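Shared between the two complexes below is chain A, which pairs with chain B and chain C, respectively.
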Partner chain A sequence: MLGKLILNKEHLSSFLRKIAKEHELIAPVRNRYGDTLLEVVSSVDDISLDLEARPVMPPKGFFLPRVETLFRYQRKDGHYSFKEVLPNVSRVFFGLRSCDLWAILFLDVVFQENLKDRYYLNRRSDTVLINIGCREPMENCFCKSAKSGPFLTQGYDLQFTDLGDRFFVEIGRPRGRELVEKWDYFFRPATSGDRDEQYEIVLEAESKFGQKVDFETAISRFMRYEIDDDLWEELGNRCQNCGGCAYVCPTCHCFDMMDRPVSDTEGERVRTHDACTLAGFTRLAGGHNPRRERGHRLRRRFYHKLPFAQDKYHRPSCVGCGRCVEICFGRVDMIHVIRMVCKKPEGPREASLRLGEILLDAGLISWKELKSTLEKQAGTGKRLGAQLIEDGLATKEEIASALSIQLGIPETEETG
Partner chain B sequence: MKDRAQALVREVVPNIYHPYPAFIKEVKEETGDIKTFTLAFADQEIQDRFVFRTGQFVLVSVFNCGEAPFSICSSPTSSKGLELSIKKMGLLTGEIHRYRVGDAVCLRGPYGNGFPLEQLYGHDLLFVGGGIGLAPLRSLIQYVLAKRSEFGRLTLLYGARTPEDIVFEDDLTAWSKEKEVEVVTTVYQANAEWEGNIGPVTNLLEKAAISPSNTKAILCGHPAIISYLVFDLLKMGLAEDAIISTLERNMKCGVGKCGHCSIGSKFTCMHGPVFTYREMKEFPSVL
Partner chain C sequence: MHRVLTTCCFCACGCNLYLEVEDGRITGVIPSREHPITRGNLCLKGWHSYEFIHHRDRLQSPLIRRHGRFVKASWDEALDLVTARLLEIRDKYGAESLGVLSSAKCTNEENYLLMKLTRAVLKTNNIDHCARLCHSPSVIGLNNAFGSGAMTNSIAELAGAEVILVTGSNTTEQHPQIARFIFDALAKGARLIVVDPRRIPLSRFAHVYLQPRLGTDVIWLNGMMKMILDDGLADDTFIKMRTENFEAFTEMLRNFNIEDVVTISGIRLEDLRRAARMYASVKRAMIIYSMGITQHISGTDNVQSIANLAMLTGHVEQEWTGVGPLRGQNNVQGACDMGALPGTLSGYQNIADANIREKFENVWKTHLPTVPGLTGIGMFRSAGDKKVRGMFIMGENPALSHPDLRSTRAALKGMEFLAVSDIFLTETAELADVVLPAASFAEKDGTVTSTERRIQRLRKAISPVGESKPDWQILCELSSRMGYPMDYETPAEIMEEIAFLTPIYGGAYYNRLEHGWGLFWPCPNSHHPGTPFLHKGSFARGRGRFEYVRYRPPAEVPDDRFPFFLTTGRIYAHWHTGSMTRRVTALSREGPEAFVEINPKDAKTIGVRDGKPVRVFSRRGDITVKARLTRDVPEKTVFIPFHFAEAPANILTHYHCDPGADIPEFKVCAVRVESVQ
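Then we have the complex of A and B:
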């Protein structure tokens, strides 16, 4: 079976029902209060699937639960011992945001480097990840800047694109292929028309971002230690010390371990989420605290997420999901901190550049060519990119590269 | 495929957080709030596999109290095996101070890089410790004395709060009788019987007869003291990588995952806890 398929929308429920019979199916579900959450779906027909909104919480909790029992221990007749409690699940995630899927791949590296974390691996090794590319970025999304969306080129098991009445399905890793081959009667091969349409959607989605965040400039300033302490002091004053940013972050993975006594003879060793912005995170017995000031803890947080991650993993650990932007009322979030770090004496740019202008800016096409293509496009109803490619004015690669260059341009305006 | 992946995880990956049963072989009261515990694993096979270096640490689980890191204060050359000196500070340390010979704890480790022995061979060694900070230094001092011919002169400057707070008193006396070894102690607050030095350990530095070009300094104590010592040692002409210290951080997992002991882009539990000053100054405001 080829790598690109079509799944008609009316077959989606049947496909998901098949999956849910054999695996734990997790999908974004809108609840009766209007919030979208990633949930275990027991009955496909009873849920309201939401493939548009970003779920309130990232998927990390399914791999690193908020609270998990690592061991049960007991002490009897002078013998004190630990017995591990290992998770064992077979899961399929459907409808992940691209940024969230990318974040899981990041966690894979963290929990497998040096020494492997058995708990994480037991939850992860039998997991299938299916993302749906985002056609409409939300207000605070900046995955385009973080290079982890809105569509992925690798890392997924299956990637879905909404083509209106049908889904365009790309097969990535072997687990995705297995799933499709098992229930191949739901799928048909995609035509070249389907492919072009999907490609257009990708290009269009990429041009729709209102938020552009200049990771490169910020990281290089961090690496050269060009950021003075005043910035951290100011951020420290604005931080409310709540840990919310780490809690909603799809890649934050710091944890604490503690004992929960059950009785005089037994108890559980549990692992919980923790956050480097909390005061007790680095406090030692005796009270000495290497990062006593809030500003110092924030400096730690952003150094860790940007230059240190860049140094170690060749990319920042931020995937641009925008959740910290929405949760932090002190505006100590990735967008605002990077803008503060990058502040340059430059005039504000337009928030969003249309595809034509971007290609014009990049010198790929002339104004005349753009104008004539636009006129032609009005007649054929084709998308601009497709028309340009058809007329031989630009190649797919050229368009894609122009887009990534232009959208990476430093954004200096302060957003409301 | 599914089954294979699962099997792979089960067979190959050991549980890095698993503590193993051990028991207390000996308890020695050092001061009013510090005790030295001699420990051994209950399982002989695990005990045989447990090979440590000077300057490493272990994580000790105490029933219903959680887990905490402690520096190993004995040398791998010591016949006593694994010794930990523990100061009564909170819940876990308070509980283990109530334990007696034969009581059970759980252990995992050893963790950390340990002292860079290869950089120390052939050099004069200057040890400076404060309070319980003598514990990890003791591990290395014992090692040096066991392999005496491979190291130069040994000087130990040790400061405690009061004469009652001096740890390893027998060791200090025994070491001072060894050849080419000088031991100088000081207390911050003297009592009626005290006839020795009074003042912070930093005061002893000027009196120490060391040759800066051939000396490696190994420090352990409160961070405030360390930063004074580093300043003075640099002034005396020691190179940045000739100053070695162990850093104390809130180590939870011991295996570089939990993030608590992070320092710069490194983890104290894996890349440390022993760092040279040259390495330490790369970390923003480490001391």
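Then we have the complex of A and C:
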């Protein structure tokens, strides 16, 4: 069978039903409250498949569960006995977003590069990954900048493209081919017209990204240690320490391990997701914390995700899924941090805006006045203060006094 | 594996999350993205809200104290004993000798049932709950001024405000989702004013940050209003059309000495003027406040002042514009709404009003006591004929949350009978004669009402752990044993009775709560869409009432023996008395131990270094905690969180209360700090 196929949309349910009979089928499902989550699909007919929205959580929890029992222990007659709890699953993921699939490939490397993590690999080995290329990026998507979407060129078992009434299906790895060959009667070979259509869609999707994120510049600034500590302090103030960015990140994989007693003689060792933004993550047993300030922990987080990952894996560990951007309480997400890191020094326009803010705070001018003056100033090229004085909106003395209160600087002749 | 949508059990932001259930156990949570407050994220507590549910310390069976020790008992034994002892005390000393604490962590249905049981069966109005310790001044103060004691606007409206004034609320740490809307507003160009004696994280984003001395809120608020009046920034039309008593108010305000702002509150006049102009000169401005305003002997006065400021500038009665008391517990709003208060039945209907009583008596088929009862503070200070000798406490922990713990604990120990229902053996349960194991939020159905008056569902995800039962079932069984059968089959049936008797909940039927993320009360009937912002077109009480407030200093101020101010509060990682959060690994790792924040200059004088233990004394007692040096607290002021049972801050606090609201002054007392060698 050739590498490019067509599946009529009418046959999708039948195909998925066959899969669900032999494997655990996991797909993005929109529930009755409107949230889209990756769900284990037991009945194909009862679900509302959602191939548009980004699932709230990435697929990593299926490979590295939020809480995972590694082994159980028991103490009897002074001796301990242990019983390992090894998972055993056979899963097909359908409708993954390209970024989420790429993230699984990233985790594959992490969990077998030094020590082969049997728990992860047992969950991962009998898994088929089917992604659907994204035709419409969501507001905070930036997989194109992260080079992990919206369509993949490798790594998938099967990749689907929505062609309206039918899916264009690309076979990647052998597990994908097996699935297609087993139920080959659902598929027909793609024509050159189908191929052209799919190619157009890929090009069009790539042109639709609102968010462009300059990983290269950011990483080079990180690597040259060009980033001012003030930036981390500000981010530290904005961060509310919820841990959400790590929990929703498809590649964050730090975990904590602990023993949980169930009774006086029995217990279990569990590992749980952890977050590097938490103070307890880096605090040492004696109480000393090498990264005591929140800003220091954030610096470490972004160094880890960008230059260190680049150095070690030849790519950042961010796949551009946009989840952290959507959920951050204080705009300490990948897009905002990279923009801040890449930001050029303040130009005259920014300086004017800052002065404008100060004058607003002081109640000297109104928003409306500031706005119209800024517009005018763009034409005349004068400094904001000069323009305001010229228009009679403020006197030199008033501006000087406002500045001295706000910035704690003595009043001088040189203002605005 | 399946997932059950429910409402978070911690603060009153009202986040909705999915509990992940595997083999009858909760293994994780997922935030809802579509929920308008949750928006796909939770705070650290929310992300870890599942871990305590299966903690091995969960109470699994009823306990009865025999010969000074707890022994396991059957439900029948325990409930029979609670029934017999409470009725015995009532018969011997009268109904006023019984006291009941309801719970802001329990559902509306449970609070309603306990309120009903207290009044209809035990025949006393001695019922209260922890709103006494947090927002009783808001319930009274805003009710006096506006006619309703809740947030005037919904949380999401914050994002559209032009100016936000935050005072006495460490919003990023205690209401993270609300802080998120503040950040949204800032990103859109809003101005932020923060007024707080501690340099809270939000102050770093403030366009004006004012740092008043503890307990001087009336001063800066009066000063701000005087400046607004003098600058001609008052909203004259609004004042004329919507308010009353303005002339008397301004007359008093004109006599206010503006220099008091500097001498008493320590705020510079030019800073206050900037804040005043900023707040008064826009159309859409919101005030957000919390415990820093209410936990004072002048709590009600502070709230009235805030209401005065909002009315003076016309900043109420509209969308994006109003006054927001941020409630703490997931259902503290609901517990108030349900009438777990000494003076009101559900929906703030006055117990002293014969017509109201008659309405309830007709449905409940019994007579109700007429005299308002004791507050949750009054119960512990009662004496003589009025002395409370028997108590039923549902899901509260006064042995750690009340002030002056030595006297609080002595009062609890002095009870002839104490029954506690809870999910863990709390410090209070340890003092009980009978402990009833309750089901956690994940194990029951019901509704809770968030700080923005949003009534939402709790949904049962797993069966109750061990032999525990949901409180509503415990209450039904107790009531039936006491000779007043309650045969509700589901919480939905209880809600039908609430809706029937409570105008503001008139349309809050379960079928309406299933979709659309709940309903905002007032929702008077089953067709009403709910009310996101209050007082549209007219205040709930008719006209908003100005009332001039005179400054009163805190009850206890530093002197030679106790030269420091102590202020108490909470930290991000923990929830109140810590019975849940300290049993969660990530949270106890994040906040492992008690500490006292001290300004480095003071630390030098005391001779203590960062991380070293100090002993903190007040007139009531002393505790030993580690010093944490930070400039976030001003000199001569220390801060201690109250979560930690091994070093309880409330050993130090006192019982002086606001005369109207009976809230203790947790935010100010005098202490001495000594280094421990």
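Note that the second predicted complex is superposed on the first by the 344 of 416 C-alpha atoms of A that agree within 3 Å, B and C clash if a C-alpha of one lies under 4 Å from a C-alpha of the other, contacts with A are read in each partner's own complex, and residues count from 1 in each chain.
Just so we're on the same page, a residue touches a chain if its C-beta (ideal position, glycine included) is under 8 Å from a C-beta of that chain, and two chains touch if they have at least 3 such contacts.
Predicted model, so just to flag it, every value in this text is computed and none were measured.
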| item | value |
| --- | --- |
| Fit-or-clash call for chain B and chain C when the two complexes are aligned on chain A | fit |
| First (chain B), second (chain C), both or neither touched by A:R32 | second |
| Which superposed partner A:V341 touches (first chain B, second chain C, both, neither) | neither |
| Contacts of A:G244 with chain B and chain C, given as first, second, both or neither | second |
| First (chain B), second (chain C), both or neither touched by A:D274 | both |
| First, second, both or neither for A:L115, with chain B first and chain C second | first |
| Contacts of A:M258 with chain B and chain C, given as first, second, both or neither | both |
| First (chain B), second (chain C), both or neither touched by A:R323 | second |
| Lowest inter-chain C-alpha distance for chain C and chain B in the superposed arrangement, angstrom | 11 |
| Contacts on chain A seen with chain B and repeated with chain C across the two complexes | 256, 258, 261, 274, 283 |
| Residues of chain B defined as touching chain A within the complex | 1-2, 5-6, 8-9, 13-21, 42, 61, 63-68, 89-90, 93, 102-106, 222-223, 248-250, 252-253, 255-260, 262-265, 270, 284-286 |
| Touch list for chain A against partner chain B, complex | 70-71, 73, 75, 78-82, 84, 88, 90, 110-111, 114-118, 121-122, 125-126, 174-175, 178, 225, 253-259, 261, 267, 269, 274, 276, 281-286, 288, 290, 296, 299-300, 303-304, 307-308, 311-312 |
| Residue ranges of chain C touching chain A (in the complex, touch as defined) | 1, 3, 5, 16, 18, 20, 27-28, 30-35, 39-44, 46-47, 56, 172-173, 176-177, 179-180, 183, 187, 189, 191, 201, 204-205, 207-208, 270-271, 274, 277-278, 281, 515, 572, 585-586, 589-590, 592, 611 |
| Of all residues in chain A, those that touch chain C in their complex | 31-37, 39-40, 56-57, 61, 65-67, 237-238, 240-244, 247-248, 256, 258, 261-263, 272, 274, 278-280, 283, 287, 323, 326-331, 357, 360-363, 366-367, 405 |
